[in-house]
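Per-chain numbering from 1; labels A, B, C and D assigned in written order.
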Amino acid sequence: MTTAKLPPILVVTTGGTIDKQYFDALSEYQIAESMIEKLLETARVAHPFRIVELMRKDSLELTDEDRTLIAATIANAPERHVVLTHGTDTMTETARALADIEGKTVVLCGALAPARFAESDAAFNLGMAFATCQSAGPGVWITMSGSVFDGLKVRKDRAAGKFLPL
Amino acid sequence: MTTAKLPPILVVTTGGTIDKQYFDALSEYQIAESMIEKLLETARVAHPFRIVELMRKDSLELTDEDRTLIAATIANAPERHVVLTHGTDTMTETARALADIEGKTVVLCGALAPARFAESDAAFNLGMAFATCQSAGPGVWITMSGSVFDGLKVRKDRAAGKFLPL
Amino acid sequence: MTTAKLPPILVVTTGGTIDKQYFDALSEYQIAESMIEKLLETARVAHPFRIVELMRKDSLELTDEDRTLIAATIANAPERHVVLTHGTDTMTETARALADIEGKTVVLCGALAPARFAESDAAFNLGMAFATCQSAGPGVWITMSGSVFDGLKVRKDRAAGKFLPL
Amino acid sequence: MTTAKLPPILVVTTGGTIDKQYFDALSEYQIAESMIEKLLETARVAHPFRIVELMRKDSLELTDEDRTLIAATIANAPERHVVLTHGTDTMTETARALADIEGKTVVLCGALAPARFAESDAAFNLGMAFATCQSAGPGVWITMSGSVFDGLKVRKDRAAGKFLPL
C-alpha cells in the first residue's frame, strides 16, 4: 500500500493571526502569504493534501458572504476530510455556519501567535487539525489549546487566551 | 464547564531524536532533558496533562525489559488517553508490545529532526498525537508523516524518511 | 587573564521593532519586555555587560526629551563601550543627538523584523553592534543591513527596507 | 553613494558545528550544506559579499594542507575584508596559520550550537565577524563568546564552552 491509498485532505486558508507578517515599511502587521504550506513541509507531511488559499482576512472582518463562500467551497470539494485555518476571534461563528455540511469531517484551527514567530502554537494546532480530520467522525471540530472540541460546544476566552468547552 | 471536565492525558517520554541536544564539549549529539513540556507550553495547551519522563534512549537501544516497563506504566496509569514519545526506528515494534492494553487510546509519535531545531516536525507530530488520543477509539496509533496510522499496520521507510501504511 | 579584564559594555534599550510582541487579546503588536537579554544568552555571551532598559517606544514617538535622556544616560555611565537598541525609523536622528559625547564608542542597532520571529535580523545586528563597540574608535556608529556605518553618514531607505551610506 | 561603494567582503566556509545537520537515516549529525548564505539573507545583508564554500570538515580533522589552502585562498582573493567560518576546537590553530597574511582583516567565527537550532549563537557570531572585518585593522581576529579577540591571544575553554583571552 502506498500513500495514494490515504484519504486526501483539503486545507482551506482564510487568514487570521496564524498568517500575520510584520511589514516594516508600514510599521504594522498584516496577513500575508499563507504559512500553511511551509508548516506542512517542515512537518514532513507525506499524506496527500491540497491547499486552497481562499481569503486573507482577520476573522473579525469576515462577513456572512465570506462564510457562505467557505461553506460552499468545502461542500463542493471532492475531499471528505477538511482542515480550515481561521482567525480565532470568530472561529466558533464560522463553525456554526458549517454545521449543515453532511458526510464530511471539518476541523477549524488557528493560532494565538503568528506562525512566523519562533514560539508559536501554529504547528501544534495544525497537527491537531490534520489528525482530527482523519480520526474523528463527520461534523465540525475545533482544535485549539490542546483540546479537540465539538465545534458547536466551545468558546474563546479572549482575556485568558484560550478556548474552553461550553 | 471548565478544563477540569476535559479527559486528562498521560504523556510518557522515552527519548529518541525528538529530544536530542548537541553537546559541544563532546562534539556529539545525545538525548537530553525532554523538550515535550516546552513544546506543550509553546502550544499554549490548556488541556490537563501529566508528563512521565520514563527513559532517555535511542529507540535502537530499547530492550524487551524497556518495552515491558513502558506497557506496565501505561496499563497501570489512571489516564485513558496516552501519548508516548519515542524514537522512530523501532516505534512500530513498541506499538506491537502495547497492543494488548485494553480500554485505552495510546498514540506514539516522535520526530525525524530534533525539537531543538528551528525546522522540526516535532510540534506538528506531538499535536497530531494529542488530538488522536482524544478523538480516536481504543487501540494503538502512530502519528507521523502527517497521517494517523493504525499502529499495527505501518512501517518506517528509513531511506525515504517517512512512515507508510503496510 | 579572565573575562574580568575585558572592557564592560553598556547596553541601553529604547524599544523599536526589535522588541515587538503580538498581543492576541488586543489583536495588535506592541513593544514588550525587551528580548536583548535573551538574545545575549542565546549567543552565549561571556563578555561582561550591563543592560539598562530605558524606555519602550516606537522610534517615531521619541521626543527631544527622550533623546536628551538617552544622551545623558550614556554620557554619565562608567562604560566606554555602548550598544543602543532603537527603532529604525529615526535611528539616524538619535545618532546625531549623540555626536557630542566624547571618548566613547556608541553603536546603534535595531531590527526590521521582531526578535521574536523565527527569521529576524535582530541577533545578527546585535552581534555587529557588540563587535563594533569593541573594535571601532570613539564616535557614533550604526550597524544595520550588514554594514558598519558612520552614524552621521547613513540614511534608511524605508521602501527598500535597508540602510545606505549618504 | 550606493552599496557599490561599500568594501566587498569575502566569506570562506570550512565546516564546523555551525553547519551541522541531523541525518535521521544515519542517526547522526554531519556537516551539510552551509547555512551561511541563509543566515546572511535572514539578516537582510545589503553589504556586498561573496561566499566560497571551501571545505566541509570538523575542525579536529583539518590538516596542515587544509590550512595552507585556506591561507592561499584568502591571500589571493581580491577582497581585503574576510570572514572565515570554522569549527571551534582548532580555530586558534588556524588563526596562527593566517598570521602572516598582510594588509587584510581576517575574522574567524563559528558556533557552539548548529545554526539549524532554534537557539544558536551562529547569527550573533557571524554578525560580530561581519562587523569586525569592517571596523578592525589588518590582522587576524576571532569573534566568539561576545568578544572581539586578537586571534593570537585567545583560547577555547572546552569544558566551559567559551573563548577566553590568553
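Following the convention adopted for this analysis, contacts are C-beta pairs under 8 Å (C-beta built on N, C-alpha and C of every residue); 3 or more make two chains touch, one makes a residue touch a chain.
In this text the structure is predicted, and so the values were computed from the model without any measurement.
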For subunit C, the least number of touch steps when starting out from subunit A: 1
Rotation in the CA alignment of subunit A with subunit D, degrees, nearest 5: 180
Listed pair (A-B, B-D or A-C) duplicating the C-D contact set, over half by residue number: A-B
Between subunit B and subunit C, centroid-to-centroid distance (C-alpha), Å: 42
Centroid distance [mean C-alpha coordinates] between subunit B and subunit A, Å: 24
Rounded Å distance, subunit B centre to subunit D centre (Cα mean): 38
Multi-chain contact sites of subunit D, meaning residues that touch two or more partners: 112-113, 118-119, 161
Touching chain combinations (by label order): A-B, A-C, B-D, C-D
For the subunit D and subunit C complex, residues of the former touching the latter: 1-3, 5-6, 39-40, 42-47, 49, 112-113, 118-121, 123-132, 134-136, 141, 143, 145-148, 161-166
Subunit B partner contacts - residues on subunit D that touch it in the complex: 17, 20, 22, 24-25, 27-29, 58, 60, 88-89, 112-114, 116-119, 158-159, 161
